[in-house]
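Following this line, the structures themselves.
Two complexes follow with subunit A in common, the first pairing it with subunit B and the second with subunit C.
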Partner chain A sequence: MSELNNHSLINITLSSINMCLILLLLSFFSPLFIIILALLGAWNIYLSIVNNAKPKTRKLNILAAISLVVMFYSVGFKDTVNLFVAMLIMGTIFKLLQAHTKKNYQTVTTLNFFCLSAIYLFDQGIITTVIVSLLFVLNFAVLALIDSTHKFKKAFLGSIKMVLFGLPIAIFLLLFLPKLPAFWQLPSPKVAKTGLNEQINPFDIAKLSNSDELVFRAKFNKPKPSTHPLYWRALIHDQFVNNTWQTSKYSRPYQVNNIKKRLTAESDYSIIVEPNANMWLYGLNYSSSEHKNVKSTFEGTLIKRKPQSAKFQYSVSSAALNTDTLSKEQVKRYLSISNTYNSQTQALAHKLRNSVGSDAEFVSALQLYFKDQLFSYTLTPPPLTGENTIDQFMFDSKRGFCGHYASAAAFMFRTAGIPARVVSGYLGGEYNSSDNYYSIRQYDAHAWVEIYLTGTGWQIFDATSTVAPMRLNGSLSQLQQISDEFKSNLDFGLVSLSDFAVINYIRIKLENLDYKWSSWVVGFDKQKQRDFLKRLFGEKNIWLVPLFCVGVLCVIIGIYFVYLNFPVKKEKAIGIVKEYETLVKIMAKKNIISPEHYSPQQKLSYFAQQRPGNKPYFEQFNDLFVQIRYQQQAYTKQRKNQAINLINLIKNSK
Partner chain B sequence: MHSVVNKIITDISRVILDKEHEIKLSLTCIFSKGHLLIEDLPGMGKTTLSHTLSLVLGLNYKRVQFTSDLLPSDILGTNIFNAKDHTFTFHKGPVFTQVLLADEINRAGPKTQSALLEAMEEKQVTVDGHKYSLPTPFFVIATQNPLNQSGTFALPESQLDRFFMRISLGYPSKEAEKKLIMGTGKTDVSDISCQINADDLSLIQQEIEQVILSVPVINYILDLVNATRKETIFATPLSPRASIALTKAAKAWAYIEGRNYVTPNDVQIVFPYVSEHRLGLHNKADKIQLTNLISTVAVPV
Partner chain C sequence: MQKQRASIFNNIKVTLQNKLLKQKHKKRTITLSHNNIYILPSVLGAFFFLVALLNFIMAVNYQNNLILVMAYLMFIVLLISLLAGYSNIKGLTVSMLNTIPTYAAQSPHMIFNLTTDSTCQGVTLSYAYDKRYNSDCENIDEKITELNLPLPFKNRGFYSLPRVKIASHFPFGLITAWSYIDTQECVAIYPKKINPFNNELNTMQASENTDFKNQLLGSDDFNQLIKHSPEMGLQRISWRHYAKTQSLMAKQFIDNESIHTVFDFNQMQGSSEQRLSKLCFLINDAYESNINFTLKLGVKAVCVDTRLDEKSRFLTMLSQFEENV
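Entry: the complex of A and B
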């Protein structure tokens, strides 16, 4: 049975799986590499449709060498995980191009299982899961096609059945099996689309607005927090060098492990972070978390303890910003302006400061200045270059987005002798009232200033609030003033179609589903599992869990064993007779009629004589027949399938 | 135990050249605890076969040449008056053995024949109202000349029924006969050593009883036997004893073939040898009728 019966069908299905794989990984690899993969896949489909031929080995080897070089060039060596995944997928496609025996195809399907699982390194969303499951079903179908003569539909339905059988087992494993720490850890794949940057060059951040990629979700335990805008802090930039706000080493993650919880928390909520390779995390105001992979910094921001690219969830308590008195070093740090450019702006700052009596008044004066001078908010500011970019912005263009305002305002505060720092993070988010959570997307990225006023402590200054007050009350997508500009900037996606009620409705439903998926399935961690088991078994009976697991596994294996060996029907005396009679009829149709009085065995060997090509099939059928009819062995499902397979093989042979 | 069976067959084949099928059939008969009737012309190796069989199977062996004046007491034994203590002592006849070769059984008169047949059926002999058990196992291998030869008394059907099987050796192939003439490649009977003993034999017989007899095969046997009863061409159709014999023979044949289950093919192979003598078929034309019968009975699936 080493011959394959449906070469081109298997080929086409396998290459379609590969194509879907390429589509899923589209945004994670460089276009050059993706194009090469797509070309190889398309070539294979073309070959299997046109003449079912395979390219020569030498040709393939040369091609493989070239593709390998291109892959190393375009993927690079820095990110080992990406490199490994790229190699795996390319290897699979080449193997398929070269496959011609049954064993080759089996290898390809095995490789496909790995390739499909590798997608989860990049994306764990529910839509991806649905697609990957479908591809799994297809792959199983191919496996069935390799070994039998089934039609595609039958193989497909069979594999759906199999995957569905597997589903309860998967759920059981998810719920009950202990979540062991990984034996080895992959270096995290670096996700190409990052949100924020450790260095803020204000003329850079507009790029974010055209990405509607989800960054994180925040779920509040209590009803929606007060109406004032939500400033999700991520990074603090306290060093101004060469017109760029940077994160100094003081703000970098070197901080203490157990920072004391400040006063009483204002709000408690949990955050589900989408996979990304950044170290920073998000929180409102002064945040702390008890999650074991989350550290708090002195400045109240949150960072990951160790790199983790997978989706994960942590709970946060937030309190008001720090009011402690600054030390001398801190004051010095928050006042330093290490360049002498932007003299016009410096002069303006001094002038404004001198015209008012206190620091607090300077704050309002600055706000007023932005308003009076008709500064405007735009996502497409004119590019500013040179050494005095802040001057250019303050006196010439007067148009910009949050980065410009934050940058300029912080510069002016420092000039005026008020400690200030630029904070980047996200503002607002889309509120989902049915489940009381916010979705924060990349286009919600924002930058603002935090200033230290003696007496009141740190507080937020957002120049954008003066220029575009609506920006504070919701997501950027809801800001009418720049809505059109915003949408034209956005990649084509569901968000950009949010004017259509139906699409918006579907989008929100999908979001909700994805939210539930990520909080209940992807985010089902050790802690949640423990809570679940405690609720199920009770605190005292937790020792029952391993017993229960072993018991259920035994039952599953037992059921499978019985299923395989269970006689098909009660009237097992009929057994294989039906199949035997079918076979005789099939042979009669082919004009091979054996003498009437021959015993079944004699008839089968007579058929084998007439059809020497099918001799092994007849012999196998004879063995089956003897086992069931004369040795009185049970007619199991396995045997029945084998008999039917043999009949099909004989039927379809020429 | 099955491994020894092949050894037995090769051993016998070294003496009786080119007759493997017949050797297997004779073993089938002995493994089924049945008596064997070998019908053939003189000089075909009947005696040699039976002698070799008993030697290989490790059974003691006696031979009686039947003649028209042979009396029952010549076979069974007789009471002889002991003048010393005025008692009769029983002198055992040649029948007190494990394998008795009754050579040319149809030359003896009916009286003697039936004396032997009682011993075959009952496994005991009665002399002057006193019963003597025969040793176990007890087999009779009778040889018989074709009936058309002069000076023969045909065995009655009722008695023929007691023979489990009837085989004939037939002429050897040209090759085999050449070897016989040249005296090469053939082992002498005296050089044959025994492969098993009586205990092993009973072990084999037990194993044969374990051979699986499935429903379709039983149905086939019934169909075959019933076919002989329906046809009018057979004067004496097969009895239930014949059905049992057929079943046993098929089992033993399957065992010799190295299987633990019976197939319809086994039944087809042994069927003529078990039924021909019971149906009263002697000449070739009669035997063809039996072959036709097999080909009219469909094999149940």
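Entry: the complex of A and C
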């Protein structure tokens, strides 16, 4: 087809695809940029609906220049992937606004295939996959519409057919074609922000409870590990400056060397991390991982070797915290308090330390102090300002969340001469018994203290265990004590509606489905593929896989080719022949049988002679027969009805 | 410079195609099958392949399974399109019915009949070397579909019919499945019709009067106005003339059947093309008026009896005429 048909329909469909793309990227770009894209898309749809001409090139160029400035301003230059995707989508929308020829529309449609794929850099969830797949089919339908005069339904059904045929083969290739290593390193888009921060100020962490966003899932190889609280370590804050616990240069992820240490693993598990741009990862106690993109640090935390924002899975072995003796330098670092404020707390620490005989007893004394002084756990603590915030917390408000307790306790330990550090990560998680995994969400973020006791090494001190012991097991969402507070703090979502049994059931089912999706589809990496192929072909026959792939592909393509070219069975009777044969049978029933060698016209004329009363009907039927069989006229529905009516008249006449 | 380059490229293409394409396309009717169908990704298909490749690279670099599935799916759709495109066009029968010659400045046409056993979608016939000259059909089935293909010739002449490309981009426009039909026939573009000046015609007629012209009064064609007399009747009065001059004049007609005239190229005025154009007008006029004539083209002289309907043959002679011959 040299000319473009369905101009308006094509334009509206492509604009709708662009609008859906904008919706999918809603949370990854600034509102200003999203509004500009949406306005451009809506303008294009409007132009099609009112059948107005496309804007002139000069007008579009000015608009494009303005949009580009807004894009650079709102997206910035730091995140090159975000910038690339933003430019791609904006470029596609502008190209569509300018498109008026068949070639223009084909370019836009092909670019859309790239834009759709780019969405998966940001989100690989099931819902996103379903939407992107639909848009993918829709895009193929537009390609078909551009090259034909088909109706939308026909083009869409044709596309579904094509994609449904191709999808199993694509999945087969994904499973069996050996996965290639990355050709070169690419920057990752900066996506979902984890609630943790390298700096801990007690007022920050309460914000986490607002979000039910999934951070990671932990799948245990053995049944549920134990009833011990699960402290998922992420960051170590070893420097206390201006009432803030910070990560010193010794603990910053990018400065830590990979430590390979033999561990007597207490537990083995794998973690599927949701997309995020941070370098730190999660593990229990002293963790190490053999994954090629995971570094194990001296402190027993895990970090990414190179930035990877996409969802990925790594296996972890965890053992007890380090018992190695601290060097003088380390002791100095873990005892440093570089300010002279919070004198009351310092005095309290000294007093408590002097009242007990050992560091271990100080730990118990501090726990007892929190209990006796009726400290309580809350997600909405009173604001504490000034330079003596720890004093205010310890002696006035006595209400706070994990950050307050960890901050104050670590300060007191250091004052009392016990090496201490604040660790942030997540506590607990929602356990799914059917698949033996934990879901850890943003609201499970937690901060606690690790103290070094001579002889026993590092151990966890968590004041929350005293003030809210139930918080230690399970998730924050399951903590009855602050249930109402938690739910009122939470953004609207399925978790906030979990009081309703039906919604909670659906939430858990969706959660399970998402876990399986993450584990089997998104997390199907090279290692999993190797294991899968080994199970299927055996270690020795693994070399057969590429041959098997090629073979199966050839067979499928061959079968399809045969199917396409299989001779179509012709209809037995063409046109009016079927009706003519019916008429002959009817006449035979009436005992009027024409000579065998007669042509159809002679037979009809014979019947007319035999049944003079029906002569006009036979003549009309004969006319129809001649028109269709000999004059090549179309056998329309109208003619067919006429033939049937004549047969009925002849049949019913006496 | 660019035009020259394009022309060189075109020449190379034509030479190559002439060498590569075998006799199988030199037919008036061709049924497309495995030995005369060519199939490749179209320009859009190549662009689509490039995007699929970019998706694949992105998927590998980001180790992203979903993008990888999309990339594989795009490759497979392209592959399936090649098969579907072949299957679509296979079995299509294209027959050249005839050609429609025209007068200079208009394009002649080729008329084709298309039919197939099953269904064939989106077929385009185009002049092989200039795709602007094309004609397409959305759906072809058992019934005969007629397509009219304009040709890129405008000047007087007698042209060999070009190779015609039969192409389809079904499905999605990602591939081009094509073949050729080379009918090895010719089409004429007659000279443009130019009404010769009256005096030129009169001179010519006068010069030939002694031999052929025998003009009689009759009723076929208007000749001149003469003074009206009562016995002529009212039906012959020129009322237009009366309205202008208030004087009664009667129309006099010529009986053409008895006229036999000579149209001589050398007697015409103007350039060769102008002379041919005038002759073309005269021949057409002669056929319309049923006048027998003799056509003299250089040394050739052909006596024409207009009752034998060979108008196109004489017009073709004009289109083929070369002065030095």
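Going forward, the second predicted complex is superposed on the first by the 536 of 654 C-alpha atoms of A that agree within 3 Å, B and C clash if a C-alpha of one lies under 4 Å from a C-alpha of the other, contacts with A are read in each partner's own complex, and residues count from 1 in each chain.
Heads up, the rule we're going with is that a residue touches a chain if its C-beta (ideal position, glycine included) is under 8 Å from a C-beta of that chain, and two chains touch if they have at least 3 such contacts.
All values derive from a computational prediction rather than experimental measurement.
Peer 1: More residues of subunit A in touch with subunit C or with subunit B?
Peer 2: C
Peer 1: Between subunit B (first) and subunit C (second), which does A:74 come into contact with in this model arrangement: first, second, both, or neither?
Peer 2: Neither partner.
Peer 1: A:512 in the overlay: touching subunit B, subunit C, both, or neither? Say first, second, both or neither.
Peer 2: neither
Peer 1: Look at A:121 in the shared chain and tell me whether it touches subunit B only, subunit C only, both, or neither; answer first, second, both or neither.
Peer 2: It touches subunit C, and subunit B stays clear.
Peer 1: So, A:174: does it touch subunit B (first), subunit C (second), both, or neither?
Peer 2: After superposing on A, A:174 lies in contact with subunit C but is clear of subunit B.
Peer 1: Could you say whether A:16 touches subunit B, subunit C, both of them, or neither, answering first, second, both or neither?
Peer 2: The answer is neither, since A:16 touches no partner chain.
Peer 1: So, does A:648 touch the first partner subunit B, the second partner subunit C, both, or neither?
Peer 2: It touches nothing on subunit B or subunit C.
Peer 1: Of the partners subunit B and subunit C, which touch A:140 in the superposed model: first, second, both, neither?
Peer 2: Touch partner of A:140: subunit C, not subunit B.
Peer 1: Where on subunit A do subunit B and subunit C both make contact?
Peer 2: Looking at subunit A, the two contact sets intersect at 632.
Peer 1: For a test of understanding, state which residues of subunit B touch subunit A in their complex under the given definition.
Peer 2: Going by the criterion above, the answer is residues 212, 214-217, 220, 260-265, 268, 294-299, 301.
Peer 1: Under the stated contact criterion, what part of subunit A meets subunit B in this complex?
Peer 2: Listed in rising order, the residues of subunit A that touch subunit B are 573, 577, 580-581, 595-602, 626, 629-632.
Peer 1: What residues of subunit A sit close enough to touch subunit C in their complex?
Peer 2: So the residues of subunit A in touch with subunit C come to 1-2, 106-107, 110-111, 113-114, 116-118, 120-121, 124, 129, 132, 136, 140, 143-144, 146-149, 158, 162-163, 165-167, 169-171, 173-174, 179-186, 188, 308, 310, 312, 521-522, 524-526, 557, 560-561, 564-565, 568, 632, 634.
Peer 1: Taking the touch rule as given, give the residues of subunit C at its contact with subunit A in the complex, in rising order.
Peer 2: Within the complex, subunit C contacts subunit A at residues 44, 47-48, 51-52, 54-55, 57-74, 76-77, 79-80, 83-84, 86-87, 90, 117-118, 121-122, 124, 131, 134, 136, 138, 143-144, 169-174.
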